[in-house]
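Quick one: the structure is below, questions incoming.
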Amino acid sequence: MIPLLIILLPLVVGVLLYLLPREDVAVSKIAGAVVAAATVGLAIGGRTEEWTWHWFAHPFVANFHFGATFLSHWLVVLLTLCTFGAVVSTKVARTRSMIASLLFLEGTMAGLFLTRDLLVFALFWDAMLLPVFFVLLSWGPHPSIAWRYFLYNFAGGLVLLLAVAAFGALVGTTDVIGNPAYHGLTSGWAPWILAGLAFAFLVKTPVWPFHTWMPATYEGTPSPMVAVVSGVQSKAGLYGFIAISLALFPQYFAREAPVFAVLGVVSLLYGAFIALVQSDIKLVVAYSSLSHLGLVLLAIASLNHLAIEGAVVYIVAHGLFSALLFIVLGYVEEREETRSLGKLGGLGWKNPRLTGAFCVAALAALGLPGLAGFAGELVILIGVYESGYVWAAILALVAIVTASAYFLRLLQGATQGPEVADLPVRPDLTWIEGLALAPLLFALFYFGVYPHALLASGWLHP
Amino acid sequence: MILVALLLPLAGAALCWAFGPRLRGAAGWLATAAVGLSFIAILVAGSGREALFTWMPGFDFGLSLDRLSLLWSVVITGVGCLIHLYSIGYMHGDRGFARFFAYMNFFIFAMLLLVLSDNWVGLLIGWGLVGLASYFLIGYWFDRPSAVAAARKAFVMNVVGDVGMMFAIFLLVANLHTIRMSDAFASAASLSPALLYAICFGLFVGAAAKSAQVPLHTWLPDAMEGPTPVSALIHAATMVTAGVYLVARCAPLWDQSASAQMLVGTIGALTAISAAILGAAQWDIKRILAYSTMSQIGYMIMGVGVGAYAGGIAHFFTHAFFKAQLFLASGIIIHALGNEQDVRLMGGLRKRMPLAFWGILTGVLAISGIPGFSGFFSKDQIVAGALAHGHPYMYAVGIVTAGITAYYMFRLFFITFLGEYRGNVDPASVGITRETTNAAPHEPGDDAHHAPAWIMGLPVALLIIPTVLAGWLLFGSDASPSPWSRFFAPQFAGPATAAVPIPDWLTTAITFAVVLIGIGVAALRYATSAARADAVARLRSESLNMPKVLTHQYYMDALINFVFVRGARLLGAVFGRIVDPFVIDGAVRESATSAQSLGTAVRALQSGLLRAYAFVIAIGAGCFLVYYLVTGLPHR
Amino acid sequence: MAAPVSVNVTAADWAAVTPMFVLGLAGLAVLVADLIARAYVPRYAAIAIGIAGIVGAGVLCLHQYGSQYTAFGSGFVVDDISVLFEAIVLLAALGSIVLYGALGEARHVAAAVALMLWSASGAMLMAGAGNLMTVFLGLELLSLALYTLCGMADRAGAREAALKYLILSSTASGLLLYGMALLFGATGSVALASLANPTLAAQPLYWIGLGLFFIGLTFKLSLVPFHTWAPDVFQGAPLPVTAFMSVATKGGVLAVLARIVLTSLPPQHASALLLPVWIVAGISMIAGNVGMLAQTDLKRLLAYSGIAQIGYVVAALAGATTAGFDAAVYYFAAYSFMNLGAFAVAAMLSSDREEGAVLANYAGLGYRRPWLAFAMTVFLLAMAGLPPTAGFLGKIFLLRSTVQTGYVWLGALLVVGTAISLYAYGRVLRLMYAREPHRAYDPKPFAPLAAVSAAVCAIVVIVLTFYPFVP
Amino acid sequence: MPAHLLPMPLANYVSLSAVMFFIGVAGVIVRRNPLIMLMSIELMFNAANLLFVAYARAWLNNAGHIFAFLVITVAAAEAAIALAIVVVAFRSSDRVDVDDVRTLHG
Amino acid sequence: MSAIFWVPAIVLVASAVWTVTASKPVYSVVALLLNFVALAVLFLTLSAEFLAMIQLIVYSGAILVLFLFVIALLSSGVAPLSLGPNRLPRIVAPAAICVAVALGLVLAGVATSHGIPAPPRAAYANAGSAGMPGVFGSVGDFGKALFTTYLLPFEVTALILMVAVIGTIVLAGDETPYVASRRRAEQNRKAMREAIAREGD
């Protein structure tokens, strides 16, 4: 029952908020925060719970079967944490509908991660696009961004649906995620199904060359939402690769793995180089995301046990620091009234606490040893090297150097240098704003020092 | 206890960071105490190994304190403690006082982690974190654009080094399946030569970046943007010698790869001499010291590279003292002169700052290799070791560099302390062409708020003792080995040294002669009465006639900037402004447009004419009939 | 063969056709009521009587569910096919009649309701038709009423639609009839069941007759290339008529097709006999969706959409399996709800002067009438085959069916067609939710029947996803 | 009357009917006057009727007669409605030409 | 014996062609009338006496008259039935080819089909003597089938006729005035007034 609760609680409260007769910032924020906090607790506590409702048995078996697997457990924890941060940090016009959207996003994505059924997975895959889409429509600078986000991802979602339907027709059931009985299927259709799955996953992550929706989306989405989108939604594809593609069709996936490795490496470098020249702080982080997630894809494609363990750590770490970064960037934008690196500067003296948080996030993002990002990065690269992709490991190292350059450029450009003179000094991080960041910061440190916590509790494929 | 020693500075850092504004001045004392206690803890622990926790599956963390790490830890915490104390005075009144000590303590923690880890990952984490601390401290005055740029440069170049190390670690872990260093060393013999060379190469990239070896050295001179105590602690005494530590630590690897040793030695020698030459062309007191640091680390690297590990680390040991000493003493000068760092605007300071004078004098004597002073012994060991291990070229470089070192150090000394005080002359008249002075607005310069003088004086005074005396630990002969070599004998079981064509005493003599020549030249140029009288004009002409290749540091910065920085940015611009919008999105847009035009074309087909509709239906019906008749016929 | 032995008509025979009988009587009742009380009773009386008739027929029809017998010789068959499709036809009639309540044009509502009821009874007759005569008469009853209904609005477009529909449809009826004559010649019987004789395959005229027969059916299903009438007629006809046509006609014809495919063809020749039908369905999936791409009128867009959707449904019958039939019925039922719902939304946007079919009027609907836009979104998603709507599940059923029966190419075309259609439906969605300046157009605040219809359809379209009612 | 007593072979009737039918089809496609189009459709119906009657005779099955009778009835009903529609469609225009009826297209 | 087939057959085809090619709808009606008569004759040769009568009465008597009425109605204005520009001028040849091919195919099918198997003679023992119940093609025989076996189609026919009645009333019986004719009349009046005015000048 707990998995269902994690999904339904945010959805129901989200809908109720939509139906609220008038804008009430306090009620919305408190309700949102309470729900998010409750789901954090449920997510951590409800790991072994499962819940099933039979949907249909014809033409194949599909069930609403929810329950965390190893990786999805952490993704849901990450999701709830990010949502909590996002809800608490929300400070936009029309707060109520923003928070409702956030909760809706949380519910749909929790469904995505918790479901054990491919068809339901595909359903939630499409559903989770909607809140982002509507937020982009309502708050974004231009509707075309929303449409681009939607169309690109939706194209992926449709192909996913198709692949899932084909899978169901082939296997007779879609209730297969995390079910060892269905691992290692063989079929002549498998390459096609895999291709369909991969397309969806690659677009969502995103991976070069399917990424062009991403920068504008991240740039245009208000900070709280983009924190969740970048922090967690982008993991949906990677989760799919690990929990679905790799688990169900290992030998076919292995055959195509070099392709994914190449795409991963290209994304890794491509994103890094573009991030180096962006002048909008959100775009820097957006492209860095492309780069980082390329690394995870590379890890998955290496098929190496160690690398995939690293990928799990890095997925969580990336979720934490990118959510953190986007929330912080939101705070920065709010205070400095600009996102341009050329106009920002000198925040360090004015808002030291904010700068501190920014600093931790940026350093974690550039893979500073001791923070969560590093652990994943290192282990991934060891695994990738071990699996024989020496060239990929070496190119990844180039990207790491580049990452340090662009993240420092971001951090220093925003917080250091001469102060911007013509703005009033805004107050430093308030305690509510800090509350939004604290859980994420804590997790970043905790998993940085002790990443084994993420893996100690079991492996994905028993 | 090792863990305690490690965590004490971390706790200090956390406290200073969290409660900085409330602690005010007490932050400095707290931080100093943390480092001091850590020093004591290290000494108490002495040696040992402590297992910690499983970091990742198969990755077990632990600390180990052996003789090599003990040496480093003692220097780090000991010298660190003194420099902390000094900083209380130096940083007095700065608005980021507590933050400064938080960073400093954090650095001590990171450096201890680096030397105490018993595994590659811990080493790498420490390696990265010292880089971070260095970054924070270089960019400490972060409203100064030059400091920000210097910090970034230092960090990025250090990441290049980290990445090299990571590469080596992949190779080690992937091939040996362990992250414990001792295990790796035990099975190093099983690695192929090429692999071993690759591992050593990767490690050395890390070492070179951290220790500012050619060609990854350009960050170090810029790093002098940080406060002077930082330069003393991080960019002279401890962090930059991490490369030496790494090579010495991995001696079992290097011992099996002669070509790797050759590489390391060559780079060390190259750095030693090239940095020394640059040092002779600098005017900024801290930059002179920075180049001298590079040069001296070049010595150390050369020493450990050729296999003279004891000599190399000995030079680290003595260098830590005398270079800290030099920096701290020059810090007193800089502090007193209101952040003036250009030696051309100094002069005649002997009387005005006696402590600085004596501090710098002992430091100069030690670094120049004047017999009896600490630097003499250690440098001698390296130079002799190079020959003993069969590297005559490095031997020669070592001797020549010793002369140049003596020249530029005495040049510094003479210009600073002899003659008249030039602080009030027009900067242009001494050949200073820069538009504005480098003085930072935040550097505490107001005498009214100065801390007690002894806080800064005491560390300098204390450091004079090891600066002069530490070298005697190395005094010994083949018959009765020095305490130093006896202490480290179990650590390094390198191959036997070759037969030496030149006896040790002759080497010492030659070196000393060259050093004397260097001192003589410096004296002729700057210390004669004529030179002192005509100082302003001479400095001016020297400034203006300085070879461009030297003032531009052999154009290394420009080259790196052009090839890597500009190259990467160009690539980014091409990807972001051309490939993304036009190639990838263009394809998507095209398909959308073609869908629309397809729809329009189909609309044209639906003409609205009834007869046309009927005709289409008739054609369809005709097709049907053809099919049915053709398929139906064979069934008869 | 077909001995001309006369058959005595019994009460059981009449019981089989009671739903149609009730509808016919309801039509008369509407006219009579209108005649008596036109001055006093608004058009709602006609609608109410119509609804009552439909409900009564529906009850009778569902009462037959599960039984299986033939009546009037071979003339009428009661089985799952007939009951399911009759129910859908009744649904279409219900969903269309209520739309008259939302439209401004009050003239002839009674006649229109009566004609629609009779038309529906024609479609139901087709659904249960067991011989060629019943098929033909059902079709003609359906069509004749529809010609009239199309031409009833006082607009040039409606008259044009009626004319085009009349001429093209009559021509198709001619082809169908000629095919029937040839089939009669080949078998010596009018019973559909007699078509299943395998020895017939040796006769070319049997093939040609069946070909002409299928041309007639695919014309009524508006499959490409026999679709040409549909866009114009859908656009020109009054809104409720379009709604009715989009479901009821196709329901009746689909039932005939299903009956032939499932029960009335020699199994060893069935695939060869039906191949053109599947090809036509496949072409429709693509062409229908391509046709939608640049439309500016909702009714016209839905016409093209219907072309493609019916292509999907027909594809499910390929292979003649029970699972395929279930998939077809499921999808067609879903299609009915989404189409009727979309037309209900359009009706709610209609004004006295103009029907709410001009797409430009949907601009910004998501902000002006969020609930209406939401309902429309559900319908469009369902048409596009997206979750969480019945259209999605239906497409999965269809895909599974095509793959299982070996008609993978149909499944592939379905996928390609769906991909194309997304662009078209996306255009409408985008229009509704784009924050772009739009024409201020907000005719009527509330049309209760249409609103209920839209809401019910939306709910059903979603609920059907989760309770598919398929074993 | 047995089959061999037909005045002509059945194929003659069928061929005759086919010719008539396709003349009707051609008329629908090429003529622009709706009335003539309708009459062409009547030709098609009658061709079918001929076929029904011929086959009924051949099979000695009067279902064909019934069918033909029903077709005639339907044709009457259809003609009534069709002519009404034609009248309605063209009474406000100067010409009676289906090519003019093309406001709906695309 | 074959003349009884060939004469109506030739008339049938010729009149059909005339129907389709006639320049005026009135001629078409006449041609169609001929056609129906020929068809009725053919029905008679196929022992379908009742249908032959129905054909003449209903088709020729009712439907064709209806056509004539409508032609009269539509050409009641000033101008006769006329055509506009031909928007598909080149359709005739392709349509003819298409139709000819289809016809060819059907004829090929006819040529290759088996004959009809011999019908069960027992069903109509006294076939040939028309006009009697139980005789094939007779009214009695027809009526029996219509009201027993084919009762449902017959009942449906009633509904169809009802639809036709209501439909025609609704379509044609409304109050919409004859716009075109009225406009033309208006124009004439105007022209006359102007002419009178000119005369007066």
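In this document, chain identifiers A, B, C, D and E correspond to the written order of the chains, with residue numbering beginning at 1 in each.
Throughout what follows, a contact is a pair of C-beta atoms (placed from the backbone, for glycine too) under 8 Å apart; a residue touches a chain by one contact, two chains touch by 3 or more.
Treat the numbers as computed from the prediction; the structure is a model and nothing was measured.
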Tell me, which chains sit next to both chain A and chain C?
B
Centroid check, CA-based, most central chain -> A
Between the pairs D-E and C-E, the one where more C-beta pairs touch
D-E
Return the distance between the CA-based centres of chain B and chain C, expressed in whole Å.
79
Could you put a whole-Å number on the gap between the CA centroids of chain A and chain E?
72
Determine the centre-to-centre distance between chain B and chain D, using the mean Cα coordinates as centres, and give it in whole Å.
99
In whole angstrom, the CA-centroid distance of chain A from chain B equals 36
Please output the residue numbers of chain B that touch at least 2 other chains, ranges allowed.
603, 606, 608-612, 614-615, 618-619, 621, 625, 629, 632-633, 636
Among the residues of chain C, which ones contact at least 2 other chains?
1, 4, 133, 137, 140, 144, 147-148, 151, 163-164, 167, 171, 175, 185, 188, 202-205, 207-208, 231-232, 294-295
Pairwise, the chains that touch are A-B, A-C, B-C, B-D, B-E, C-D, C-E, D-E
Where on chain B is chain D touching in the complex?
603-604, 606-611, 614-615, 618
Using the touch definition up top, name the residues of chain A that touch chain C in the complex.
55-60, 119, 122-123, 126-127, 134, 137-138, 143, 147, 151, 154-155, 158, 161-162, 165-166, 168-169
Mind pulling up the chain B residues that touch chain C in the complex?
592, 595-596, 598-600, 602-603, 606, 608, 610, 612-614, 616-617, 619-621, 623-625, 627-629, 631-633, 635-636
Name, in rising order, each residue of chain A that touches chain B in their complex.
152, 209, 211-212, 215, 270, 273-278, 287, 306, 309-310, 313, 346, 348-349, 352, 356, 363, 366, 368-370, 374-375, 378-379, 381-382, 385-386, 393-394, 397-398, 400-402, 404-405, 408-409, 412, 415-419, 450-452, 455-456
Listed in rising order, chain D residues that touch chain B in their complex are 25, 28-30, 32, 98-99, 101-106
